[in-house]
Amino acid sequence: MPVEPIRYVTKVDLTKPGDEQPQVHNRWHPDVPFSETITPGEIVKVECLDWTGNQIKNSDSADDILNVDLSRIHYLSGPFNIEGAAPGDVICVEIHDVQPLERQPWGYCGVFHKSNGGGFLDRFYPEAAKAIFDFAGIQATSRHLPHVKFTGLIHPGIIGTAPSQEVLDEWNSRETGLIKQIQHLHDTAVAQPPLETNAHPGSATGDVAAKIAREGARTIPGRPENGGNCDIKNLTRGSKCYFPVHVPGAKLSLGDLHFSQGDGEISFCGAIEMAGVITISVSVIKNGIDKLSLKSPIFMPGDLQVHYGPSRYVTFEGFSVDEDGQQQYLCATTAYRQACIRAIEYLRRFGYNDYQIYLLLSSAPVEGHIAGIVDVPNACTTLGVPLDIFDFDASPEAEVAKLDMGNCALVKGSSHPVTYEFK
Amino acid sequence: MPVEPIRYVTKVDLTKPGDEQPQVHNRWHPDVPFSETITPGEIVKVECLDWTGNQIKNSDSADDILNVDLSRIHYLSGPFNIEGAAPGDVICVEIHDVQPLERQPWGYCGVFHKSNGGGFLDRFYPEAAKAIFDFAGIQATSRHLPHVKFTGLIHPGIIGTAPSQEVLDEWNSRETGLIKQIQHLHDTAVAQPPLETNAHPGSATGDVAAKIAREGARTIPGRPENGGNCDIKNLTRGSKCYFPVHVPGAKLSLGDLHFSQGDGEISFCGAIEMAGVITISVSVIKNGIDKLSLKSPIFMPGDLQVHYGPSRYVTFEGFSVDEDGQQQYLCATTAYRQACIRAIEYLRRFGYNDYQIYLLLSSAPVEGHIAGIVDVPNACTTLGVPLDIFDFDASPEAEVAKLDMGNCALVKGSSHPVTYEFK
Amino acid sequence: MPVEPIRYVTKVDLTKPGDEQPQVHNRWHPDVPFSETITPGEIVKVECLDWTGNQIKNSDSADDILNVDLSRIHYLSGPFNIEGAAPGDVICVEIHDVQPLERQPWGYCGVFHKSNGGGFLDRFYPEAAKAIFDFAGIQATSRHLPHVKFTGLIHPGIIGTAPSQEVLDEWNSRETGLIKQIQHLHDTAVAQPPLETNAHPGSATGDVAAKIAREGARTIPGRPENGGNCDIKNLTRGSKCYFPVHVPGAKLSLGDLHFSQGDGEISFCGAIEMAGVITISVSVIKNGIDKLSLKSPIFMPGDLQVHYGPSRYVTFEGFSVDEDGQQQYLCATTAYRQACIRAIEYLRRFGYNDYQIYLLLSSAPVEGHIAGIVDVPNACTTLGVPLDIFDFDASPEAEVAKLDMGNCALVKGSSHPVTYEFK
Amino acid sequence: MPVEPIRYVTKVDLTKPGDEQPQVHNRWHPDVPFSETITPGEIVKVECLDWTGNQIKNSDSADDILNVDLSRIHYLSGPFNIEGAAPGDVICVEIHDVQPLERQPWGYCGVFHKSNGGGFLDRFYPEAAKAIFDFAGIQATSRHLPHVKFTGLIHPGIIGTAPSQEVLDEWNSRETGLIKQIQHLHDTAVAQPPLETNAHPGSATGDVAAKIAREGARTIPGRPENGGNCDIKNLTRGSKCYFPVHVPGAKLSLGDLHFSQGDGEISFCGAIEMAGVITISVSVIKNGIDKLSLKSPIFMPGDLQVHYGPSRYVTFEGFSVDEDGQQQYLCATTAYRQACIRAIEYLRRFGYNDYQIYLLLSSAPVEGHIAGIVDVPNACTTLGVPLDIFDFDASPEAEVAKLDMGNCALVKGSSHPVTYEFK
């Protein structure tokens, strides 16, 4: 009874741009052709490019982050034909493992420039920055974030089924509506409409390719109908995820693998981004949408997770009074931003600069909770930073002498104020 | 070496209204007189009224919830004079234990009527409802929520230091500003300005009492400067909390004890509210505000916590597309509301009605996370419901036969549509 | 709907010897009269004396430990008549809570003199010693073990059902057989036969009392047929324990409450011993012995447990090569003794003396595992000491400067070598 | 800055016998030549053969287990020269990851025949048996143990430093002493003396090879001086292990990888045995033996571990009354055997036969604790079986209908009584 290794349904090439690889695609559209078929119950491996399709280098400069081309991202592996899946069904994807590629044992976390992607704190930290992480098995360290080491809760940032044409139309209408309504109030993009430039329709060609490029939904947002770019740090090894099926065969796609991420992924390119390989199997629940009343994905996390003792988190409270002292109304987003700012102010005293902390809060397994959402007018959120990722005592009781923390990768030749004085 | 029992610094009377008890108060104001002095390092016990000051009964009707007087709530124990604490310092409060009172082994969770308090889902569930929980030691069950039992993460809903006059003025300015700005857009109160009616200034009398009533900040919102009504479910036994000191002696107050709460405390009176006793000690960190860069409270949770396996949560994803299908911009509040709605739809199939589920998600230790906050335009949140609180299989794989779930306490004589059909 | 406090089925008097209190008893015998009846499903509270029946004082001398009368111990509350329980059934006891008595917020851990009780390491540490622990809510500290604080996994050391006459006869035959067989090889008691002196038969009098005194099994050992003195540290709040029923009404007894204990309870009086109150309910599984194939008790631990991160234990390996360098054959007992010795040698460098460490390993929640039991000739066990109970860094990487650790309570006037040099 | 994949210091060939591969060895001896050098801080990968060196097949027969040649086992990778390590030092080995080989995604658990290896329960289960486990990423299932799935706590069964000649002589004297003393009382080997047959001295030849064969310590037992075959299930990914150094360069060897194991590894070949790859780095603590008072290895487990809720274990109590009803004296080994027997009796009712359960208790992450080791004459141990490894309800409350559990692999043509009736 010879036993074969597990079948790869996708292999990727780390030396070529994503759009030269037809087994990946970067738009959500019902017409992207199947790249492979997966039989229910079969265990398969899927290689994935990093989210930028090889644009970022293992270097000490953030120039590549500064100049990243955001129209050429999220080259997703798939879409896969899940045998027997039909609209109205639910597919359950079990994530048996996720790993870095043996041939590329490193990843990166980036702060995007405010004018090119930005992030949750771009008002205060508008410059590009980067930290390279080296992977020793399931643990990561970074020469750009000294005195930190943690174990990866490795997970896919993006996993989802294809929209039907109706769902796609709804997305495009909904999001372009928002752009019309509020874009003028913001200085960064509030949403991204379909974009033909650099659309990668997988193996589609001709008219189909053109239609996909014209209509295909962009991949940045997660969406309630199919999941997609959820960036859920706990959707890790051992998880089972349930997705509604909108098109025959489900057209499951996935990618944007993260070695680790903090709740919120606050610096936008905030996880430890990597190329990697994910092992999955899929089952089909017939009429699952009705059976489970499933309008949006649900999941059961895995049982192999990093766990720190509950008392080993220094936890910051954030309220919906914004950084200008203005009272917002039950805004959990504002409240979480305040918690992040409080954490930055706190962690400075150990020697890190603000950009380093911003990268750290993005990539380490910090816990972001909605604590109270009803006590008008203040939402209250919490941000818990695990003490055990540091090799020094970072608790409030610590005797503190600033350590030499070096610096993260920044843009050469630019002046970088790396501290912001909050009121 | 005889050893004395631990000293009580506050005792409460469960048979009298809160405003007849001078050792408690219901406004934040620097002039509320000290009720007792606590020496750093001393271990003391503090009895607390339930948040309504005995307004709610152990009954099968929600009439008391419907008619609750919200001007007569949050009778906080204290304020305590923390010996040696001065403005600029930080006090660290260690919560050694929190328990129900032996003489009242029950608590309640309420859905407030939309016209009298409301809650996170009051648009869909405008009626008053209630569930009574019986406490067997550290475990709670409810005749109004059959087939559920869980262990309490017992914690104070409110704990904080007194504002200085400057801080208080800032609060009043900030919150009345919000009222002026947006109250006209809402049909429930967006914030609560000072209110002389039923102000309870503790043991103050005369002009001081009048000043407190006139200026004293209301207790509903937690606030960044002092904590207060944070409703953080993990601020439980064993936690250490750090608060900025704004007035001499710190004037620490606490109350609003919760036997258990879900992240968000979504039904407003959403925890299992109870009278109880909390055991604390306090230490003083001189110049702690500077030392710790502490603008808002931080805490280290306790090490004795309920823990379910990470894979024992059915987890719902919520995105910032609202219940009318409108796209919101990175709004975590909207996203969390969607996750709550998805959980309600899912849990119905076991036989609970929507009000029961609303009460359950409020009071059980559900986990609400901010997953992704940068993927424009969608914030993504998750809501994890622990499977192990049910005595039946509530997983997606479960074979389902609806159980007889009875009903929660509702208002007599009123017609209650207990299901809302979401789009 | 007024709600009564939970009913007490046992109250104890801390000022009187145990044998003057008829609601407790200190022998296992089917004829000990019921002290109270408990209805299945009813929640009740049971007060318990500490295991010595008030013999130990809160003092800085170990004279009371040295002179403890071991014929006057284990005054168990009960036995309780579990309504409807009959031989062949199983009773499930749910432990809803265990707490110290408010009127006595302290406990103790003792090393017994080799000639009066002894312990796991009495060959090396023959003297009496003691540590007093003060309870701040659910946390304990000790003036005799500075720089240590931990949260209690509070549990009953003893809980079990009464033996039938047949079971009792089997015990007495089995244990007196052992005495005959091997007592001559040991210098401490290998087992304790029935002893009329100081037998306390509860409320029995006359012939029944005499029979109980003559035949009643001693309480030191746990036994497979009924549990009894199992000293299982995880049998804590929230646990459900299943016991075989041997006599009508089950005759459930319990006591010997522990605020905390390490695996093994190595110093014999090794837990933090205390008087306290336990809240329980009981259900009956008819014919449960057959249904569950239940020859010995089983249990499901509670979900509220102290938890340290798995990486926060310094773990010692112990093998079955004894302290004289002799090879033993697959002896897990020898192996665990070696692990304890290794831990003592390690912890000395922080400033504790051996008696202090012996007390600490007995009372703190250390984890003792059987790692390998088949690799002839060596059994391998592990002993994990949680780092988070210390307020200093006790990891192997720690920079060490010995702290002033004072001393534990010892016997006055005696010379105490407090270090043993192992080979 | 191109980044190389992590260096392999050992590769193995799965198609050739272990003794044809000079980069592995199967005896402990100071003269086994270094296979490679590892620089402190360098991260390296080490491939390892399964413990039998490819003797076991992925089949449905246990004939290979029956006929396994136990003189040809434990082909360890190494020994490695740890640069700078000298006698008196301690080396810290950090285990960054352990994985199955991609080219062999399966493993096995075996019950050895009583006459050829035996196991903890060989008196009752003398026949050979086997279960094959398939690896889907970090999860394992077995066609021989239906309705079970669990995540691997992957770890090396063997890891240790080489003995000095003095240490080796001590081992041989100690163990042959035992053989002389008690072998006549047993019907299986109590220890294994040096054996020239099939000794594999790595790359040594000639006289050195002959000396190693003649004197080299066998690999079955773990030993206090160097660790070795400890079979500690929690020595998993992320662990740091500290070993005494007895010879220049430390001569670190490792192997016998386990995908998963229960505490005790009771069936001897009881883990899920596999070939695999382990990623490590090593640091040197100069004079560490003195600094840490380190006579035996210690370790800090990793932070990425499977965790089930503490209440999700059905836990069996075992006492030192043996299976013949004889009272043993504080024998934890006997007590643990009883707990195992109780678990077998309990789990039968779901449809498994005894051999299946024996394999399951060996390989699944069951928890074996020493509960009480001082309550004369009974040691008490506990065995906790996690409920979450079963896809059915295995709790005491479960409604039970026996499932079709098929069978494990057995020896063809032999009559196998698969149930033992314990008294």
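Chains here go by letter, A, B, C and D, matching the order in which they are written, and residues are numbered from 1 within each.
FYI, a contact is a pair of C-beta atoms (placed from the backbone, for glycine too) under 8 Å apart; a residue touches a chain by one contact, two chains touch by 3 or more.
Given the structure is predicted, the values throughout are model-derived calculations rather than measurements.
Separation of chain A from chain C in touch steps, taking the shortest path, is 1. Note: the chain lying farthest from chain D is B, by mean C-alpha position. Centres computed as Cα averages put chain B at a distance of 50 Å from chain D. A separation of 39 Å divides the Cα centre of chain A from that of chain D.
Here the spacing of chain A and chain B, counted between their Cα centres, is 32 Å. Looking at chain A, one finds that residues 238, 302-303, 305, 307-312, 388 touch two or more other chains. For chain C in complex with chain D, the residues that touch the partner chain are 92, 119-120, 170, 174-175, 177-178, 182, 188-192, 220-224, 227, 229-234, 238-240, 242, 263-268, 270, 285, 292-303, 305, 307, 309-319, 321, 325-333, 336, 338, 342, 345-346, 348-349, 367-382, 384, 395-396. Across the complex, chain A is touched by residues 1-3, 5-6, 43, 57-60, 94-98, 102-106, 134, 136-139, 151, 237-238, 279, 281, 302-308, 388 of chain D.
Residue ranges of chain D in contact with chain B, taken from their complex: 307-312, 388, 393.
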